[in-house]
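By written order: A, B and C. Residues from 1 in each chain.
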């Protein structure tokens, strides 16, 4: 996948590098300083301790950090992990976040707050550090678990959840389901009946277990989310070991996609790796389906070019989105943007260099995927230029 | 996947560009003039209306049309959709077909007539417009549905279907099953008993629904097709939303492949995207299995190089075929050929440029996949040179 | 996937080419002279006769033999199959083995002896011909079948198997399960009870069929293997038609991986094609999982660059191994090494040429995957330099 970069028109390179991105699925950066152990445990999707005979720096994402984040912190590319972490510690979390969140050229963050959000910067914190707008995406399961924690009877659950969801999403831009983690995507796609929901709620609330993994309730959350009417994101594909990757194949959502189609609610498939071609098929077949290859881009590093290329196959270009899915270290936020730009330059650049596409087509697709599609789907309006945004008008 | 085209020996480029192709799975071109809406709805596998906020031209196949078909109609590459459609309308459907069907250098079409064939040119129409031979491939389900439409009792169904199939296929070169669309490929592979067929036929005929989706009857059609003895094509992988892509994985045909192996009937897996590597494995393992990556080549456009490359992995080269699976606009017929040639030059050219293959090996594989394998499998005899064939002897 | 090889630093090329490999999963070379028919039947995973209308030389592995093995036997690259086989016959099997096993630069073989091992060189024969150490990997099913052949009552089976396993593995480096071939990887992952094992053993021993395909017993073998404590290899993905490729998806092992995690036993997923990205995910998520893309590398030939590239995505580099999975003709042993080196130079070289990785990082990853990871997992100690080892200190 090597291309002669000097064959890529400089206008295309500049347009992609200066594009003010919308990161439509991201989590907050951590405000804490991190030990080496903590840092290594945050640059993997594994939830296991790092074995003593290896380092997570020996990975695509590790090498990408040393290549692309080190210069942002004032170091040479390809420095050692020790040099990197020493500089990081010296600068402190606030300055690291400020530098890395600013350098990526993201013009708008949609921050999903449902996973250990209390440890991270929230939307307002992200906006403050980055200098650009940050809105919220609300995780359905987190709302349901809060309803349960607050105390609720089974027969009141459906009503209380609907109320809480409306309350929590007054200013939100989207919703998210992690059914892939909790029961797999091979669930019965139809909305459960009220009686089924009450019965399942009773079992769950009586169990004393806060984590919600009952398929009936997870379906109920999804259908309540569809009624809410905001774009609905689904975790699919790559993630932590909590998910069975076979049951996270986005094709399993076909039944739900067809049932939800009349609602007009956009369904946005997140990550998808290694099922990005399957996701592209769904985006091709169904008007209500969108997808991204976030998370996978970060964790495939130098190989993310191949992943981005595979995301530009059968899906219409109005249906593909950019995201980082960063969580925690701001390195992941920065890499999401920088690796995506790098991959787009290479992939689109090769189409142009080989005479298949015009420069204008390439710039158009970069703009659609990097920003315009998300602005349309989430109704964000045109870009507001903020501090630290790359490519802002002078 | 960029290669220095000047590193590819010109002899290889010429051999691939002049190869008289056999398009072993194609549908007729449309003889109608097309509005923009109609055209956009025919350059996607989706059967949904195109949403107002997008155009199907913003896709790989759209950009490929503007790149590769525009010059055939006398326009510059990368013209606008408006320019393209205006020129197309001015020329009229007959001239568009004549130009585009002629320019691809296909020397023999095998035309599958079972999907809305009445709206399209049939084999004789395709032969007339293109100036090269066109034979028929008969869709099993279409024959069965005609038997039902003509009126038939359940106990007579098996006999009537067999008669009709022989009658309809007197000069046909092959058969096709669309079980992938009707029940998924995860059907019981064994031939149903006569009693099972009669019972299922009774249910179907009494239902008044013409569309045949009963798995017992679909299996019966397949086994009657195997008795007929012509090469039997199977839809697999990519297609319209009618199919559940998960249940169109060609690996699901393993049981049938093994049961059918003693018959010696070639089983030809069509399209296969994104399961082309799985199809390659089946063609590697079983002597009676062939496959192509048609349809996917058109819809991946500039990315079809990757798809063709993945089709040249574990399958012996005697088991891979070329097809366009074009249906409707003759742009799709042209692109099938031109994108395949372009991809083969790049893929085989990189093998040669890097010293892995000889030029002779590359030319041999292009010839096997592009024509010779299909001539052998469908018993077409050597190429007859017709009007409009690229590379005909002078 | 073409790269300008002159852009790859010569230090990286040299380091990869001279790396003393550990082939952690290989079978013996055949000591017999081979007719053309016999040779062609050994350069495919298909167990069917080669059809008369094709030759297995028209395949990626066939062209790779003519490219990379011909020069080792003193012929020009890209010679004809006839020239190649004539030279091979003239040299004789012993000399062919000596040349091809020596030329690959493998410094240590781990030889799996359970598949028709009596027709092949064993570990000592491999060590003698190659001049480097060769240790054994023991196939669980072969030991169980030997226990059954020797005569055994059902209630004694578990004890006799455990004894035989310890006896057979006194000096072995690892174990292997071929449950993928015998029952698919979608088995119940939990250890069966003693009563279940006794009952299943009774059924099997009474059946008179030697081939063990009972899922209860196959699970019992695996759990006895885990108790034994040696690294445990699993066939996954690509192989002969005996396996249903869908049921060889390594993701199916998730349950077993989680149950086995506390034991600390390394689980090594072999081959994996076309599920190498799925295997990479498992190696990312679980500390006890490793994988390789052996076998697929040989059978994808010039395309193995893509396969190796896909193996270097989400898995930490400490979790990826090299193997050839060669069986029979020593061409397969040689190709395993030469194609892997060629692919690593191209893949890592493109990372370096594009500025993503440093040369030091590339050399480090080649060393981890090619040798160091296997030495750590199988406790082989540092390389002992033997006759014929490329890159030995002078």
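Details
What we mean here is this: a residue touches a chain if its C-beta (ideal position, glycine included) is under 8 Å from a C-beta of that chain, and two chains touch if they have at least 3 such contacts.
As the structure is a prediction and not an experimental result, all values here were calculated from the model.
Both copies, chain A and chain C, contribute mostly unmatched positions to the interface they share, with under half of the numbers common to the two. Seen as a C-alpha superposition, chain B sits on chain C after a turn of 120°, to the nearest 5. Per-chain Cα centroids separate chain A from chain C by 37 Å. The multi-chain contact residues of chain B, meaning those touching 2 or more other chains, are 1-2, 4. On the chain B side of its complex with chain A, the touching residues are 1-2, 4-5, 44-46, 48-49, 51, 53-54, 56, 58-60, 63-64, 67, 77-78, 238, 240-241, 244-246, 273-274, 296, 299-303, 306-307. Residues of chain A that touch chain B in their complex: 1-4, 7, 249, 251-252, 254, 258, 277-278, 281, 284-287, 309-310, 312-319, 350-351, 353-358, 360-361, 364-365, 368, 376.
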